[in-house]
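Down below are the structures I want you to see.
Below are two complexes that have chain A in common, paired first with chain B and then with chain C.
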Partner chain A sequence: MAQFINTLFNAVSLSSIVLLTSLGLAVTFGLMRVINMAHGEFVMVGAYATYAVQNLFSAIFPKSIQPLYYFVAIPAAFAAAFALGSLLEFFIISRLYKRVVDSLLATWGISLILQQAARSIFGTQGVNVTAPPFLQGGIFIGGCTFSYNRIFIIALVGICVLSVYLIMYKSGFGKQMRAVMQNRAMAQCMGINSRMVDNVTFAIGSGLAGIAGCSVALLGSVDSTVGQNYIVNAFMAVVLGGVGKLLGTVLGASIIGSASIFAENYTSSSIAKAIVLLIVIVFLQKRPQGLFVIKNRSLDE
Partner chain B sequence: MKFLKKREDIVCFACICILLAFMPILLNYGVLSSSSIVLFLGKCIAFAIAAIGIDLIWGYTGILSLGHGLYFALGGYAMAMYLKLQSTGGKITDFMHTGGMTSLPLIWKPFLSLPAAMLLMILVPGGIAAIVGYFIFKNRVKGVYFSIISQALAWAAYSIFIALSPYTNGNVGITEIKSVFGGIKGPSNQRNMFLLFYASLLLMILIFAFCRFLAGRKFGKILVAIRDGENRAYFSGYQVSKYKTFVYVLSAILAAIGGAVFANFNGSITPSQMTISYSITMVIWVAIGGRGTIIGAVIGAFLVNLCEYSLSSGGLVEIWQYIIGAVFCITIIFFKGGITGLVSKYFPIILKKLSKQDNINKNIGKIERSRAYEHSNGS
Partner chain C sequence: MLHVSGMDAYYGESRVINGLDLEVPDGKIVALVGRNGMGKSTALKSIMGLVKTPCGSIKMNGEEIIKKPAYDRARLGIGYVPQGRDIFPQMTVAENLELGLLPLGKKGKAPEYIYEMFPIIERFASRKGGDLSGGQQQQLAIGRALAAQPKILILDEPTEGIQPSIIKEIGRAIRQINETKGISVLIVEQYLDFVLEIADYIYVMEKGEIIYKSLVKDCNEGEIQRLMTE
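Up next, the complex of A and B:
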């Protein structure tokens, strides 16, 4: 029983990390249909922002309030990735909205530049973020360990999903956003500034990647390729869930995360992840559009 | 002039080949100081072969695969496994010892003989591509969805290769191998190196000729039709998915051949050739060289790699990544045709300027003729 609960907790934990990295993609890819290959690098930017804020705090503030750096780091990571995403959209993506495959390649060029920039600034060696004391350790209940930072990440994901949901479906801006994505010409006729909506939507997606980076920094050392480890799973989660549905992404991420953990019981973790990906690929043959399909009668998407 | 215009790519390719063919001779007479440049050009030949495959599937058919590194590495591993067994004399390798094996595993057995290894080098990547391609294209997975799936495939294969380290030597890969013609490093083995170099050059010429032949026929036109309007191609009665699968398999085989040649020149093969970033690097060559023309892929593979080689040896490794990222980005956004696109757009203009006088004379003739035509109509 204890073992089962442990596995379940790990599954939820891994799913939440996959979900956090794919949430930004659910916005940029799901809504805007832009494949942002630099998404992993935005995760990296968030992680390095966390590291920078930590160093800043230990340089300026007295020891007593240093642990609070993490609460500054989350908005800082979001802001850094948000700004970078906004710039990227303005200079590059906006020229490629009609050429999806080309936007994929162009953003890959950006990701090469960002990776090298990270190496130039922070060095090729990985840097470490020390989790604040209140996130170290964990609760022990009946032989199971629930580490605080995992619980924190799960909570963080919950907050992020909720706020994305509120922004997308309950706010005025979300209405504009969905209007532009569904029928750009009509939305423009209604007086919506579609360029602005595009820019902010993309930036929000990137900012979410920054928050993901903030939590990724807690889990291991940060180097220039940290984002690459998450990007494949994130894309598969969005595709599996069905492009354009928030609930689909949540479900897709949970399936990939928990399936990986359960498969790990039988084999090594890297093979488990590979097998899960292969199973998802086979599943996508059955339902190429993913779990949740937005009904559409047009021949070409 | 007309011949040059129509067959300019063949002329260009011939120039590249002649230049390449002279390199070993220059080395022999001491004009080139080190043999490393020839070895590197050999690797470039391997890259060019793989790039031609990428160009067929991406430039012509419009399917962007982000997982061709998988096929490249599979070809490379097949070659390297044979070569490794040659150097150990058919006994089990060190890493298998460490992995706790006492006899040669079954998968390694066929690689004892060269013909079987060559056959598997083509059959395994081709077979995998055929299975994957058949289902994916039959179910009409297209566009970016295909790209995402192909990158997931490469990533899955990469992690499996690393996890099965008793068979594949994990992260390190298969190292310390000679070429099919024996050792190629050092002055005493120069003959072997030249033999390998010319054999690879010949292979590249054959592949170029074959692909250009395919692309120039109706088959190539259908591929372009699929790229530009897939549904129209369906409605015109073509079985698009079969064409797509065929091109996918063909490009996988070309990537595998490229990988095998690469393993010969490089003396090792590692799983890093299987990664997504390596796969996209191949796409970068084609994009910069010019998609949709076979010659563009060859030019791109040589140019990008030679630039990287000369910059990296000068201690400018850091700058290189900025340059390639920026150049790639700019190429994608502004110059869809890459270098060949630019040349074919501006070369005729330059030619025209050179033969301006000639043209003016011709134009005067044309104008006079059309005037005469109008005149006769009017009256």
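Up next, the complex of A and C:
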């Protein structure tokens, strides 16, 4: 029983990390239909931003407030990835809308450039982010361990999902965003500056990847390939959930996360990867559009 | 109000409109008719800024707008009701109407008369736009375009695929907003009887050029009929 609860907790934890990395993709890929191969590198940017903020704090602040660095690191990671995403959209992606293969190749190139840039700046060795003391350790209940940093990440993911939901469905900007994604030309006729909306939407998606980077930095060492470890799962989660639906992404991420942990628990980690892929393949054979399909009278594409 | 002169319009590399001259006088209803594929819709899209218009001039109250993006033109007071309505399908009727307010640049409320003119907007406020019937979508599209209190309303085939009773209502609505709100109207139609009943001026378009223009009260209906069928 205890082992099962532990596994379940790990499953929730992994699902939340997959969800955090796929949330940004749900925006850039799900809403904007841009296959951004550099999404993983925005995760990396967030992780290195966290590392940089940590070093900055230990250089200029007294020891007592150093642990607070993490609360600065989250917005810093978001801001760094947001800014980079905005630049990338402005200079490259905006010229490649509707050219799927071109944007895929271009963003793959950007991914390589960013990885090399990270190696040049931070070195090839992985760097470590020390979790602040209040995130070290965990709660032990009846032989089960719930580590604080994983609980924290789950909460963080919850906040991020809620924020994305509020921005998309409750804010004025979200309304403009959905209008542009549903019908660009008509949105412009409604006085919406679609170029600006595209740019900010892409930047928000990238910023979310940055927050994901901030949280994965707590779990292991950060190097230039840190994003690559998560990107495949993230894409699978978005596709599985059904492109363009937030709830779909949440469920997709949970399925991917739980399936990998449970499969890994009863087999080995490489078999687990194969099992997850198999689930995705079989599922998409049956339902090529994912869990949630947008059905409508006027959507006959 | 709106003054188009010598305007060319392109789809990709092919020229669809060749030196269009068209005028919508202040507070008048102008109809643009013609057969299918003669560039009528493209003319409206050019005025809205949705297709390439490399040369010519489009003046709105004397201000040159041909280089401006569509969203600036909307803010200058052009309300557009496209062919096929283009209601945002995943959004509710209320949200669609709220989007219509955006050109005003601030949070406002749609004018009351829109709800009175089209009661379905209130009745189906929380339905998805994509779930409405064609006629209902058309009414919503007109209401949405009116929400920002435009100076000129441009409509692309508002009667297309719509049942006769609703066509009557739409005709009445267009007359009403023109008479009571002083909004100028430019309307593209195939349904000649409909526009002859509501318009002040009529233009006939053929292969991207205007081949006939007249005041409706002086026009030769037989001649227009002939131009549109031949």
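To be clear about the criterion, the second predicted complex is superposed on the first by the 295 of 301 C-alpha atoms of A that agree within 3 Å, B and C clash if a C-alpha of one lies under 4 Å from a C-alpha of the other, contacts with A are read in each partner's own complex, and residues count from 1 in each chain.
Assume a residue touches a chain if its C-beta (ideal position, glycine included) is under 8 Å from a C-beta of that chain, and two chains touch if they have at least 3 such contacts.
For clarity, every value in this text was computed on a predicted model and none was experimentally measured.
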{"item": "Touch count on chain A, higher of chain B and chain C", "value": "B"}
{"item": "Partner chain(s) touched by A:S194 [first = chain B, second = chain C, both, neither]", "value": "second"}
{"item": "Partner chain in contact with A:A185 - chain B first, chain C second, else both or neither", "value": "second"}
{"item": "Which of chain B and chain C A:Q176 touches, first, second, both or neither", "value": "second"}
{"item": "Interface residues of chain A shared between complexes with chain B and chain C", "value": "299"}
{"item": "Residues on chain C engaged by chain A in the complex (per definition of touch)", "value": "48-50, 69-71, 74-75, 80, 82, 86-91, 95, 98-100, 102-105, 107, 128-131, 137, 144, 148"}
{"item": "Contacting residues of chain A [partner chain C, same complex]", "value": "172, 175-176, 178-179, 182-183, 185-194, 294, 296-299"}
{"item": "Chain A-facing residues of chain B, complex", "value": "62, 64, 135-136, 139-141, 143-145, 147-149, 151-153, 155-157, 159-160, 162-163, 231, 276-277, 280, 283-284, 287, 318, 321-322, 324-329, 332-333, 336"}
{"item": "Residues on chain A engaged by chain B in the complex (per definition of touch)", "value": "33, 35, 37, 92, 95-96, 100-102, 104-106, 108-113, 115-117, 119-120, 228, 232, 235-236, 239, 268, 270-271, 273-275, 277-278, 280-281, 284-285, 288, 299-301"}
